[in-house]
Every structure is written in structure tokens, then in C-alpha cells.
């Protein structure tokens, strides 16, 4: 599975399964935004955008284009029927107050205890954390989606993050193109294999020792 | 000046002079509400009601009566052209944030350093402080209007309040039917005599030693 | 998308003895009249009620009070209610009085994930007893904590089937913050409209805060009818 | 009732070197375009700017940046701007990055007279360094203080002569809180209407927060035009 596009699609399709009908969902900038493309039609899902919109719709046609209507990634969007606009304080009240069922975010590193690093690389220009630090403490469930290994083949799922943290102990589940891993009180638990790898291959690509879901051992 | 009605009118008319054109004003429940009746027509004044209205209008006619439109005293009112409705958190943000130019409140006792007691009498049923404790810390200028002496002829302007405080060092000016007194760093200052009393008569009706405005000494 | 009830009894039936309830309204304006009437019928008791006022003797929260369903009342002004006074003096009810702005802000904080904040209201008074005091720019402030509830009962003039709400005039008051601060929020609306019929820029409470909706005709009793003297 | 300007130069002429300015907007959406253009013309310098972003290289706050009028930038994301990066690396500008929700809440607190509040954002990260940490219900939170400004520059789609404002869609963003947090707030509105023409229940920013108004035609540049793939 070397094709970048296929990897992103695999991850996005699996992440979509985390979303239940009736959920209010915040999708982070980048790969998480793709998840919306795979949302099953029978699910009633409302997408929140932290710049002040509950009910993101599809990208606009040229006719629908409205410069005053963007998502948190600053892309022009539309709003669904029944959407609500509000200010940034209300938006983050909604996020911090636990009213968003799930946030799906990208990651650079995740540690075995659920620490997340996804906002800066020392030595590179700091761009800012935007709303990520608020989201990870606010949404009821935090899913990080990312490639299992870095471009250079290094571990991104680690014992301890080397990069500056976005938050400590905040991640509930990691979804990569290879596997689904849960952060548990006892450590990282491998709960699903997505690409047909063996358990030992996934363990090799993951720095922390993995607890293995029993059903996987019996396969 | 024994007539209750005349006393209240004297106080309300003098309090009206504290209000400049362009001011946003909060009038407390009871006597302060009367001040609105004496507002000079050429002044542009917006009255705030802490239950969520900026722009209180006159009492309604029977035709205008709307049960969903009341002031903080729970009286039915109208709203002026250009009035705004908002929630209680916004309303008290507006108050605490220093956006109201002046609040005119009633008082039971005021001390020489500007402490105010106006919300409970020990031994009597506690009704609650409502918005008074927020108002006295929020509005830019706090005027207390009250009769100079209690029904029993006791001091209400005192060295130290005997009643439980609403707030410490919050009052800027006291207006009674007899006098206008300012709370200064050096103590209470008599700045105006309203009913033709002598300075010594006012001093006798006031527990703290008064500083006397120079212009009054020369009269 | 939201649970839309047709019976008020049904809408409040999960509320258990000992629950903490927030109830919208200022005086009798903006109170969820029919939800309160249904609560009286259920007879659920030992309630902690968080609401600015406690109704009057024969309407609103006063009905729950008369029926001895309230264990503790948290509000800013309860002076309109003789039965309240009787129960306090008889030691039948607990009471916690909070400055109105602090009450509004503590409820907002509860809905907005702010565990605590500083405010000047109450400094130097009995309200400050046992509270942490801190100076900012040479002025003292009290630390106040967030309030939340098991159930929030609110009233709006209009709602849509996604739970978006609009309030009328001063009937807005505490309702928007209370909507956000309840684990389960039940909205009594005067009119229920189809999704899309409330303009997105004019929604006061986004539907995310509302779990249950029911349509109710409002009596809107007036506490102090004041008419222009002509 | 409010000062209504006809010249943008006039509207910003009192802003002095070294002032702290809050500027509404998220990305290029909801920014006071013409007020910013006028500020570039005045050449006022050593400004501290509080705004979620810092424009792009040739529009919005980016124009002030290019003209070296900004001494310090306080925001949550500045990644759209190459000149910003250059000035940071050259030590020509100070930068303070704040989580977006904390930024919004600190500005709200500034306008609402709350000197400080606790929030979970940033706990366990470099943001927490030198900040007071306190536990509530077994979870850690950071103490964050209010932000205010000498001048607030905002944009609304509609305003009336009492200063009441209405915003359009996601162009609302930080504008309402910034309106309240400035000592002097200057509102650039797309349309100015007579008093009474904005419905009282639909006002987003009550006029009490606004001191100056000016009508301006907006270019509304789009940062990332994304169109449906059909």
C-alpha cells in the first residue's frame, strides 16, 4: 500500500466508522476533512467548524460561492439546512463544554499514554496551534488519524513524544492505514488490523509494546 | 419637607442631573426607577435592564402590553426603537465590563468610605441580592439615592455600616432630599444642599464628619 | 434528529428524585410553564433547583415549592414567594443566594467547559466567606465555580426539529446558558417549525445543546402589570 | 448618537504609535478591510495586534506587517504569511501564540469584566509554562487572564445609527467579543440603516459596545477557493 491517495482513503473510510448517526463532529484540517467524503448517507451527522458554524455542507458550486462562508481550514464551504452560525467564544464553549461527540484530528506523534504532538516541529517556523489544544480537551472522544510511520520510516506511535505536545493523555484511539489502536489504562491496545499485516509487523512499526485484542490472537 | 412623594421627587430630579446625554444607564428597582420620569427630553439616554434589555421604553398601553417584555423589577415595559435584547450572561458582561456609564441604586446604609448596604436586614427574611452586587462593581459611576435619615430618625449615612454589606468602597455619590455627598479619599464631602438646611443641620443628620465644599462655606 | 415529545408527562418522566434541575426564566417570563406543571404531577422530590427566581405562590416553580418537591433552591432573588419564606423559616428547604451576574456566568461556565472564573461581585461581603480571593491589577476578585445540571428545562418562542431555538424579547434571559449547561435539555417551544425555517444567522441557541423538544401553549401570567398613566 | 465617519482616514486618525489593537476576522473573513488600509496610510507604528490570524502577504493585517507597523502579534495561527516568518526569524517582531478557544475566551473576558478564568487548553504543554495550574474535580486547568485593547476594529454586514450590529455567516467569528473588549470600537459596516430597522431580537452586538461607525465596500478576497467537484 504505497499509494498516498489509497492510504488516505483507507484511513478516512475507517475513521468514518467512528461516527454514529446523531453525532456532532469536528474534523480537523487536512486528512480529517476527507472523512466527510465517506460519510454514509443514512447517518444524520452535523459537522462543526470552530470558526463558528454548526452544519458544514459540501463545497459550493461557482454560483453558491460565498466569501463570508468558510470552514476552519479557510476553504469556502456551504451550510446545510438548519445550520447555525455563532461567534468564536460560543464555538469554543461548545467544544470545551463537551457538546461535540467526536473530534478527528491529524497527528505527528502519539504516545502510549495518549499524548498528542501535532502543532510544531522545533527549528521550523511556528505557525500556531489554532483550535487543536481546545478541541482535544473538549470533544467527548478524540481520534487521531495519521500514517503509521513517518516519511523516513520512523515511529510516529512512540513511548514518549519527542515533539512539543499539543496535549497530555488526550487521545482515545489512533487510526492508521495499518491498524486501529486504543489508548487504555494498561497501554496501547491493537484492536484492528486494516491492511493484512501480521501482528508482529505492526508491533515492529510501533514503538510501545502492544496489548493485543483477544479476537486478533485467535485469527 | 415631610411629604413622602415630594421627597422622592426631589431626590429623583436631582439624580436625573447625574445623567448626561449619550449615557447608558441602569436604574435600580424602587425609587431609582422614578428617575426615568424626569429625564430631560433633549438628552439621548439608553436605559439598561439587567434581565436583558438595552433601551427600556415607557410603560405600555393596554394594547402594547407584552408579557414577554419586563424590566428588572418585573414590571411590564416597552422597548424603544433601536433597543436590543440579549441573554443574562451578556447583560452582566455589559455591566461588569464597564459599559454602563452610571447606575443609580437605592440604599439602606452608606458608610464614609463608600460601603453600601442595601440587600438584607438580619432577622428578616432574606430575599436575595438580585443584580445589585454585580452592578456596583461594574458601572463606571455608582450613585446611591435614599432618604437622609431612616423612618425612625436614625443615621443612614454612617461611619461603618451595621447591616450586611452589598459591596465595599463602591459608592461615588449619595443623593438625599437634603444634600449631595461625595465619597472622597479623605472622607465624605458635602457638595450640595438641596432643601435649604444649614450645614450644621446636615452634619447632625450625618454620622461621619463632613468635609465641606468651599463654595458652600462662602454662602 | 431530536426527540420530539407530544406529552409533557412523557418529556419529564426520566427525571429522578434528587436530581439537579436548571429552569429558565426571570420572574415568570420565559419559564417552561407546562414542563413545570408536569413535574408537579410526577411528584418527583428532593430536587435541587437552579433558577434566578422561584416563581410565585401559585405559578411556575412556586407550584413545586408548594408541593414540597424542592430540597434546595439556588437563585438570586426569591422575594416574590410567601411559601418560600415559610419553608426557609421552618427549615424545610435549603437556600443558596448568588449575585445575579455571578449566577448567569456560573451557568455559562458550566455549559462552556470553564471550571471557574474570577468576578468582583460579592467581594467584602458575606458572599465572599470561604471563597478564594485573588488580586488582579490591584483589585480583589472572588473565585466562582461552574454550575451544571442533570436536566435543563427551558422555554423558547420557536424551535426547529434540529433543536435550534429563538427566544422572544426579555423571555431570553437565562434560557440560552441553561440550555448549554444541562446534561439533558428539554425545550418547551411555542412553535415548532421545519428545519431551515429559522435563519441560520438568527439562531439564539444552536441545536447541539437541546436533546428534547415539546410544543406548549403558554399562559404567560404577568407578575406586575404596569400600564402607562395617561 | 454614535460618531458616524465618512472617511476611513478620519476614523483611525486618533490611533497612536504603541497602541494595542484588536482586529476582528478569521482568515480574511470578517476583517475590517478599509480600516486596515487606512491604518497603513497613517503609518502608525509599534502596534500590538490581537487577532486570530495575521492576514496574507498582500491583504488584511499582512499589509501592516509588510509596512513594519506591528511590534507584537498575539494570535492563534499565523501560517499563511511568508513575511511574518521572515520578520520572526529576523527578530523584527514579537509573537505570542494562544490556543484559539483561549484567545476567544480571553477577549470575551476582557469585554465582560472577568479578570481571569481556568481552561484545560494547553495543560501539559509549553503553553502552561509560567501559568498557574489548579485542579477542579481531579483535572488540571490553566489560569488565563483577560485581554483588552485601546482600539477594536471590527466588521459587520449591517449596523444602525445606535451602533447595533449584525454579522454575516462565518464573518461573525471574533468580531462580537472584540467589539466589547476595546476601549474605543470602530465598526466598518457594509450597510448603515436607520434606528429600528434591525429587529431587536436579532442584534448580534448591542450598540453600547460601539463608539464609531463607517460604511465600507468590501472586496472579500478568498483565501482558499474550493469548489464542488462534479
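Couple of notes before you dig in:
A, B, C and D label the chains in the order they appear, each numbered from 1.
Please note the rule applied: a contact is a pair of C-beta atoms (placed from the backbone, for glycine too) under 8 Å apart; a residue touches a chain by one contact, two chains touch by 3 or more.
Not measured: the values here are computed from a predicted model.
Shared contact partners of chain A and chain D, listed by label: C. Between A-C and B-C, more C-beta contact pairs join the chains of B-C. We define each chain's centre as the mean of its Cα atoms; on that basis chain A and chain C are separated by 36 Å. Taking the mean of the C-alpha atoms as each chain's centre, chain C and chain D sit 33 Å apart.
One simple way to say how far apart two chains are is to compare their mean CA positions; for chain A and chain B this gives 55 Å.
Work out the mean CA point of chain B and of chain C, and you get 29 Å between them. Shared interface positions of chain B, defined as residues touching 2 or more other chains, are 79, 85-86, 89, 92-93, 95-96, 137-138.
In chain C, the residues that touch at least two other chains are 105, 108, 112-114, 119-120, 167-169, 172, 200-201. Screening every pair of chains for touch gives A-C, A-D, B-C, B-D, C-D.
Contacts from chain C toward chain D in the complex involve residues 105, 109, 112-120, 134, 136-137, 139, 141, 145, 166-169, 172, 200-202. Touching chain D in their complex are the following residues of chain B: 22, 24, 44, 46, 48, 54-55, 79, 81-86, 89-90, 92-100, 137-138.
Within the complex formed with chain C, the chain B residues making contact are 49-53, 58-62, 65-70, 73-77, 79, 85-89, 91-93, 95-96, 115, 125-134, 137-138, 164-169. Those residues of chain D that touch chain B in the complex are listed here as 1, 108, 110-114, 160-162, 164, 180, 195-196, 198, 200-201, 203, 206-209.
Within the complex, the chain C residues that touch chain B are 26-30, 52, 75-80, 85, 88-89, 95, 97, 99-105, 107-108, 119-127, 157, 167-177, 204, 220-230.
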